[in-house]
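What follows is one structure encoded as structure tokens, with my remarks underneath.
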Amino acid sequence: MKPINHYILTWQCPDTSGVLAKVSQSLYQHGAFITETSQYSDPYTSIFFSRIAFDDRNLTVSIAQFRQAIAELAQPLAMNFQLRERDDFPNVVIAVSKDDHCLVSLLTKVKAGVLPINVAAVVSNHQDCQALVDWHKIPFHHLPISSSTKEQQESELQALLINYKTDLLVLARYMQILSDDFCQQWQGQAINIHHSFLPSFKGAKPYHQAHQRGVKVIGATAHYITSDLDEGPIIVQEVKAINHSLTIEQMVHSGHDIEATALSHAVRMHAEQRVCLNQGKTVILL
Amino acid sequence: MKPINHYILTWQCPDTSGVLAKVSQSLYQHGAFITETSQYSDPYTSIFFSRIAFDDRNLTVSIAQFRQAIAELAQPLAMNFQLRERDDFPNVVIAVSKDDHCLVSLLTKVKAGVLPINVAAVVSNHQDCQALVDWHKIPFHHLPISSSTKEQQESELQALLINYKTDLLVLARYMQILSDDFCQQWQGQAINIHHSFLPSFKGAKPYHQAHQRGVKVIGATAHYITSDLDEGPIIVQEVKAINHSLTIEQMVHSGHDIEATALSHAVRMHAEQRVCLNQGKTVILL
Amino acid sequence: MKPINHYILTWQCPDTSGVLAKVSQSLYQHGAFITETSQYSDPYTSIFFSRIAFDDRNLTVSIAQFRQAIAELAQPLAMNFQLRERDDFPNVVIAVSKDDHCLVSLLTKVKAGVLPINVAAVVSNHQDCQALVDWHKIPFHHLPISSSTKEQQESELQALLINYKTDLLVLARYMQILSDDFCQQWQGQAINIHHSFLPSFKGAKPYHQAHQRGVKVIGATAHYITSDLDEGPIIVQEVKAINHSLTIEQMVHSGHDIEATALSHAVRMHAEQRVCLNQGKTVILL
Amino acid sequence: MKPINHYILTWQCPDTSGVLAKVSQSLYQHGAFITETSQYSDPYTSIFFSRIAFDDRNLTVSIAQFRQAIAELAQPLAMNFQLRERDDFPNVVIAVSKDDHCLVSLLTKVKAGVLPINVAAVVSNHQDCQALVDWHKIPFHHLPISSSTKEQQESELQALLINYKTDLLVLARYMQILSDDFCQQWQGQAINIHHSFLPSFKGAKPYHQAHQRGVKVIGATAHYITSDLDEGPIIVQEVKAINHSLTIEQMVHSGHDIEATALSHAVRMHAEQRVCLNQGKTVILL
């Protein structure tokens, strides 16, 4: 008996009549067995977003032929589409600095088989996390940074990402500002965790800023990187109530859990092909 | 220039191939301009649920003809469907006892134009809320209950609901147990707010039970009524962190806000035709 | 039998050894029966904050004599203290604009006897809320504003506050910027609700800003007013998860509940004498 | 220069006048420098709970002498008290089954120096977590269970706990029911994480129960174990909003983060000596 393969089809196009009808008709005609479907039509940008999961139990053509059919449909509709096998997990490179709480959360979920990514490598400007990564039998690359080598180091990171055929770069508390060119190139393919509920407390030491301001809720924001620091499209935000009694150090520790949760949730959403870029914002198709 | 009318089409059917294709094709062919679309296919019950909002700016047939087309499509697919004008708000009767916090929340939102229901009347076994209801210029019916008149009172409530062509009965802290027959008859059309996070603390005095158990989170649950008390399909749950220092009275007051919020959110979801019954549970199509 | 009177004693002083011992000793010696006690020592500002609730069932002196004893204790310790009867509710004036959701929440709680304030009057630059206030039999003052009368109007508001012996001014979506002098004068005695999780989205139209930024969590902040707009000490913050599908209008409505909840909670904390100012921040003594 | 030592004094006693005065007076007289103080007087049980953190920078007696002074004070007040050095971390044994997410969270925090416990050993009826524990250089004990060896295995666990001078046993998803005698003996010294918001969904497979019931919020509860399964005093509850689309498996994975967060928070509260037992409930002194 032939094993069943699962696919995810996502597409975005100008919202005109018949888009959903045409695509769902094509899926039906080719025998795609739909298991999940989610759409959103943005009334502000007039873009239509869709994510459809299906399997090939009744598919009457090859997946290559199906892809061709969708491509032909897409062209007159000015539609961008992505079609991939569900279990063809994206290659992810994780960048970290010294703190390991976000990295641990990601690796623990991957090891438990509950986060659909393939961690190709971990890179860091420090060596604090190396032993952990080694234990997970994942390649670790130490790319130290000094003020004079910053540019050179980024080139090495770039080369490494290409070498690993990286689909997604995850900045799991990497704590380094990347160049505009780099951010531009990895647009929509690099997720950062910022330890505040953006847009509050952008930049350095957000918990110090939060403590200074006396907020009663702290947060963490997972977002795509852009050349504007901490201004990229937000994917997930987690928050936590606090009170006056927390010192800055306690606030920092207290935030670890929501940072790890927000980041791993954002990575899952991205890996499941649920996040669409929508002019500086995201649409999450559940 | 002809005003644009908005419609909501919802449907549920056994999940077989082509369902979405056939319906979206029909919408497209008749010129329905889709503004919102949401689907869910339940892998456990194999039921497909869909909600599509559209307008008639390009509709090529009358809405009656369109309804007929959908009806013809529905028959072979064993599909239940509902088609209504978006701005044809459901007729709602609200039942209360003495406490007015849920009632106030509902009426304030209706008055502000942000809750799409038509409050036909308020009924109560007490008179505490009458002045407020009078002020809102909504009919108020006092249906007192004594142990000997309980059955009779329910019949009067029943008659009143029919008289008002009630689409939805909202039990906004009504505090009376209704008969099995009554619950059966209003299945999927009567929403209750229970002041605990069900299934914890069913029945009477849930805050007393919560205080006794020493929980650190309290809750409120809006659900459809069924003949099994507090066992009906859950629509919305709101929760709130508490600590050891709250007295039972403070817990009761502290819960007012989440009760009102959960109930008005559930009523909105129902009124916007977003809630589907799914074998003892609900699917909420956002 | 003499009725029991309840009192709240709060004090702040430089944190030196023996402060708690001296005050609790004095309470004990005079027969104060303590029912609640809460302290906080700020390691950054070295200020000690305390709130003690007690009753006079065993008090061996008059409350005036007890006040005198505390005053004598306070002087060498550089202690500020406040001593009031618990049931001597603060006089509150509520200022509103057109929206009534925060006002309704406050008045409903007061009417239900669960918010320990005395609403002396409601003022507004519009008349939208007058009928509601009239219904609650609370004086309503219409103080319209035009660009040429702004200064004059503020003077009238000022006079009115003094006339009502106002202890607390609550800006329940008043939507007007008050002068620096006014803010200075009512420092620590005027609570505003801002419809964002400050410091995000200060100033006008915060929901529009939030929608533009694409946040996944919206918030509401109750804070004391200061001459720096939206920079005053934060008392309560409430948040709510949202998704991409909310229009700006839906975001605005969706925020009503958290605004009302945050504001009424902050007013309760203030009225129960639980909020202490701590150099631009607050300490909440539960 | 003498290093400063930090201490935590906690006490519980019948709530009578002068308790706080007497203890704070004693602290003052002996030169204890108070840094944190928290009290709670339960109006239902009439028990007074207090936690005071202090250091010895100005202490005029030895800590042994101070302990003696408190002991003398305690006797006539029927006071239980605990006095320990803050940095004398409790010895903790962690018991796990196959899942490692709670264990990882605890060990990661300990390794980062942000959870004040000393992990003496990890025990498990399976070997899945051994490699991780070995990597952390913590003793791992494999105590397999079969139906015929259950009693014997518990005796070995008991012996092992005694051997390690265990102050706290943490059941980090241990998934085994312990005997009444065992629960009795470790009362107030053994924390379990249950993967539901108790009292909902006690016993086995809580996520299956939650899925079946169709709740809109899932939870995790950290509580002291008692001989009544899942009925022990609740320390921390974490919750998370979900929707209809989660399969049971997704619910299980989705709960991992809140389980780990709730458990590590409860362990922190216990380790910082902030949790008091109060007749089947807990008081948390922040």
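Points to keep in mind about this one:
Note that the chains take the letters A, B, C and D in the order they are written out, and that residue 1 is the start of every chain.
Basically, contacts are C-beta pairs under 8 Å (C-beta built on N, C-alpha and C of every residue); 3 or more make two chains touch, one makes a residue touch a chain.
On a predicted model such as this, the values are computed, not experimentally measured, just so you know.
In terms of the distance between Cα centroids, chain A is separated most widely from C.
Averaged Cα coordinates give chain B a centre that lies 36 Å from the centre of chain C. For chain B, the set of residues touching two or more other chains reads 43, 241, 243, 245.
Viewed as a network of touching protein chains, the structure reduces to a complete graph with every chain in contact with every other. Per the touch definition, chain D reaches chain B in the complex via residues 40, 42-43, 197-201, 213-217, 219, 233-237, 239, 241, 243-245, 247, 278, 280-284. Across the complex, chain C meets chain B through its residues 99-101, 104-105, 108-109, 111-112, 114, 131-132, 135, 243, 245, 253, 256-257, 260-261, 264, 286. For chain B in complex with chain A, the residues that touch the partner chain are 17-18, 20-22, 24-25, 27-29, 31, 33-39, 41, 43, 58, 241.
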